[in-house]
Amino acid sequence: MALDVDRDALVLGLRDELGDAVLDAVVVAGVDVWVRVDRRAWVQAAEACRDRLGLRYFCFLSAIDWLPSPFGRAEGQGVDLSRLAGAETVPMEQGAVETVPMEQGVAGGETRFQLLARLSSPTTQLGLTLKADVPDDDLRVDTWSGVYAGADWHERETAEMYGIEFVGHPHPAHIYLPGDFEGYPLRKDFPLVARLVKPWPGIVDVEAMPGEPVEEVADVAADGTEASA
Amino acid sequence: MGLVESGKIPKPLTHLLNLSRKYSLWVYQWGLACCAIEMGAAFGSPRYDVMRLGVIPLPASPRQADLVVISGTVTDKMAPAIRRLYEQMPDPKYVISMGSCANCGGPYWDSYSVTKGVDQIIPVDVYVPGCPPRPEALLEGIVLLQQRIGSEDMAARWRGDGDSAERWRGGPVVVD
Amino acid sequence: MSTVSERQQQAYVAGVAADARINVELETEGMTLNLGPQHPATHGTLRIVVRLEGEQVVEAEPVMGYMHRGYEKLVEVRSYPQINTLVNRIDWLGSFANEVPFILAAERLMDVEAPPRAQWIRTLFFELSRIANLSLFLGDLGVQLGAITPVFYAFRDREHVLNLIESATGGRFHPNFDRIGGLKEDLPRGFVDEARAAMGKLRDFCDELETLLFGNEIFERRTRGIGVIPAEVALGYGLSGANLRASGVDWDLRRDQPSPLAWSEIDWKVWTHPDGDSFARCWVRLQETREATFMVEQLLDGLPSGPIMAKVPRIVKVPTGEAWVSTENPLGEMGYYVVSKGDTGPFRVKIRSASFNNISVLPWVLRGVYVADVITIISSMYFILGDVDR
């Protein structure tokens, strides 16, 4: 494994400041570095990044919902009711998508919702991706707006899209959605209703260009799997 | 009750009034998204000049406009503003829906925040498809609208017969 | 070394103080003014609610979401080629630049590299989209400050670039030309000569605009010293692109970040300005437009030959992983954080758009300025609503 001294130094600096709060760290040499911290040390991690590691540039802050979509990729293929969050176990409907376990990505994770943030340094050109687990029963994290002024709006967007509350935020209010919007759109169990009503037909018969022979186009289903000839 | 509303105008005069109306349209550009740039190119650039058709793209407010071109994606948050804009325009007024987002929701047909077509809010006279439609396509839409205005039955319009599309002798026009 | 003279600064401060005295004497009440959502100066559907004390802004709050189309939800149900089409429409003036970071992230996850000719042509179109984007900025800049003429020149000269893009890709903007592993097809015959001629015309446009607009005393008085953003504040808010470089931060992702595109192979300059005011932001963008024309000419001279597309399966399935790629788009730093689970489409894409951060500084910078300066500042910040709202 190639050694990436600078990125390793970032991880070491964070471990030094936060100690046990650094739950996992992944360094891909020459490419990027991911660190997962405990959400109770979320603000402390930001301060460490800004003051000690020199990552003064605030790139973005958002979240990931790791629940595999109960509506399947094409959102029209049939609903796996057992995966709708909070639903009791219900036998799968016929033709429903097969159950896929919930799996977090790089630097692990234990919960459905994970905060995702990126900070960089304008001088050393290094960037760091921070993640933090947010438990389902306590969707609250401290706000970063005291550390990075730009986090203000990003947290508003994350709050309205996922329903995560940022404690201490100066002005939590909807930023994109109309005031009376119900639901949290970016959660996986929020369906795209237009697709449920009229599912995407997948790749339809393709007409040949004028002058070209009509070629046999393989029958491709909506989720991209090619049917056997 | 005036002569126009009661339909007692002789045909040549109707023709003259329609002619003067179709060649003196003031367009309110309701540019929302990418189509606004093509609309700007059609209306403001020297190449696709729209003033040669008699259409002036510079009204100071919607209350002084005859025609509104809705170009770009209509979101649910924006919809009340569009309705209010339409109601502010004085009659006779025409609407051109430009671009596939305004026609039917376009590439965002499945979004949770997009209105699937501006004709859900206001009646549309001409649909100009494209993503974005070329400036020439928009100009063709305006020319077709002008042809429709030329053959318009003003008495029926003042009586309020039905929807804007039904007021025409035929359905809405789709530019190919 | 600031070019805002002492006398001008003192005059501004004295004016503000005099205003404050008058407000107290006349006991003017605060007034709430609503700029937008349909306003010629706001580049689209942005609404700014300002509370005024007389002519001065006490508090400004941008209200967004009028162009929110839900990109991050839509990409979860689409495949990569479909997302490529959709992503064009985020920054709708320089559309090709939106596709590039997304395609690069997918290529990183797939461990595929496009051949050199494709990378050079990608860089070429990237810079062409920068010219298309910024030339409209320069035109609009005039309109917002009261000078109507530049916008007609901008639309006329922009047509040259749009012709080029259309001849190669079929679309004036929204080219949808980038593919995972390369490009859709090669350049048409005659493209290189046409492009050289167009670059000459665009340089003339830049020169014309410099004398017409930037040499104008009214423009200088309206923009110098207005809306100063210090570098540390800019970094904290995440400002990027010309906004950051106009505050003196020498940072350009094209030069500073390793990228498979061809920026390291050509010779070009990063423009910065120490002042951080509106004039600096506009000036930096003018220089960047001109610099981009020089870059395009170098790219045309050095285009390598070879294949245009790497070997990639027809139905693209990207392996599991996460990747973050950002590039120096015309509006600033645009990046995509792609989370993939081995499917034909991504699991989650976080789209980091430059204009969202660029506007987040408005409540801070608009405090205490006059209403007329509000327009100057937002026109110099330069954002596109598709980029803000996604």
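Per-chain numbering from 1; labels A, B and C assigned in written order.
Simple rule for what comes next: a residue touches a chain if its C-beta (ideal position, glycine included) is under 8 Å from a C-beta of that chain, and two chains touch if they have at least 3 such contacts.
None of the values given here were measured: they were computed from a predicted structure.
Between the chains shown, work out who touches whom and classify the graph as line, ring, star, complete or other.
The chain contacts form a complete graph, every chain touching every other.
Of all the chains, which has the CA centre nearest the overall CA centre?
C
Of all the other chains, whose mean CA position lies farthest from subunit A?
Relative to subunit A, the chain whose C-alpha centre sits farthest away is B.
So what's the Cα centroid distance for subunit A and subunit C, whole Å?
Roughly 25 Å separates the two chain centres.
What whole-number Å value describes the gap between the mean CA coordinates of subunit B and subunit C?
31
Averaging over Cα atoms per chain, report the distance between subunit A and subunit B in Å.
42
Can you list the subunit C residues in contact with two or more other chains?
Within subunit C, residues 65, 68, 70, 73-74, 77 contact more than one other chain.
Which subunit A residues touch at least two other chains?
Correct list: 75, 176-178, 185, 190, 192, 195, 200.
Among all residues of subunit B, which ones touch two or more of the remaining chains?
Residues 77, 110-113 of subunit B each touch two or more of the other chains.
For the complex, give me every residue of subunit C touching subunit B.
So the residues of subunit C in touch with subunit B come to 37-38, 44-45, 65-70, 73-74, 77, 85-86, 89, 92-93, 136, 151-152, 155-156, 158-159, 172-174, 385-386.
Spell out the part of subunit A that touches subunit B in their complex, as residue ranges.
Subunit A reaches subunit B through residues 75, 176-178, 185, 190, 192-195, 200.
Show which residues of subunit A lie in contact with subunit C when the two form their complex.
31-32, 34, 56-60, 62, 64-65, 69, 73-75, 103, 105-106, 116, 118, 122, 125, 127, 129, 148-150, 152-154, 161, 174-178, 185-186, 188, 190, 192, 195, 200, 220, 223-224, 226
Any idea which subunit B residues touch subunit A in the complex?
Going by the criterion above, the answer is residues 76-77, 105, 109-113, 116.
For the complex, which residues does subunit C have touching subunit A?
64-65, 68, 70, 72-74, 76-77, 79, 108, 232-233, 235-238, 244, 249, 251, 256-257, 315, 317, 320-324, 326, 333, 335, 337, 339, 341, 343-345, 348, 350, 352, 356-357, 360-361, 364, 389
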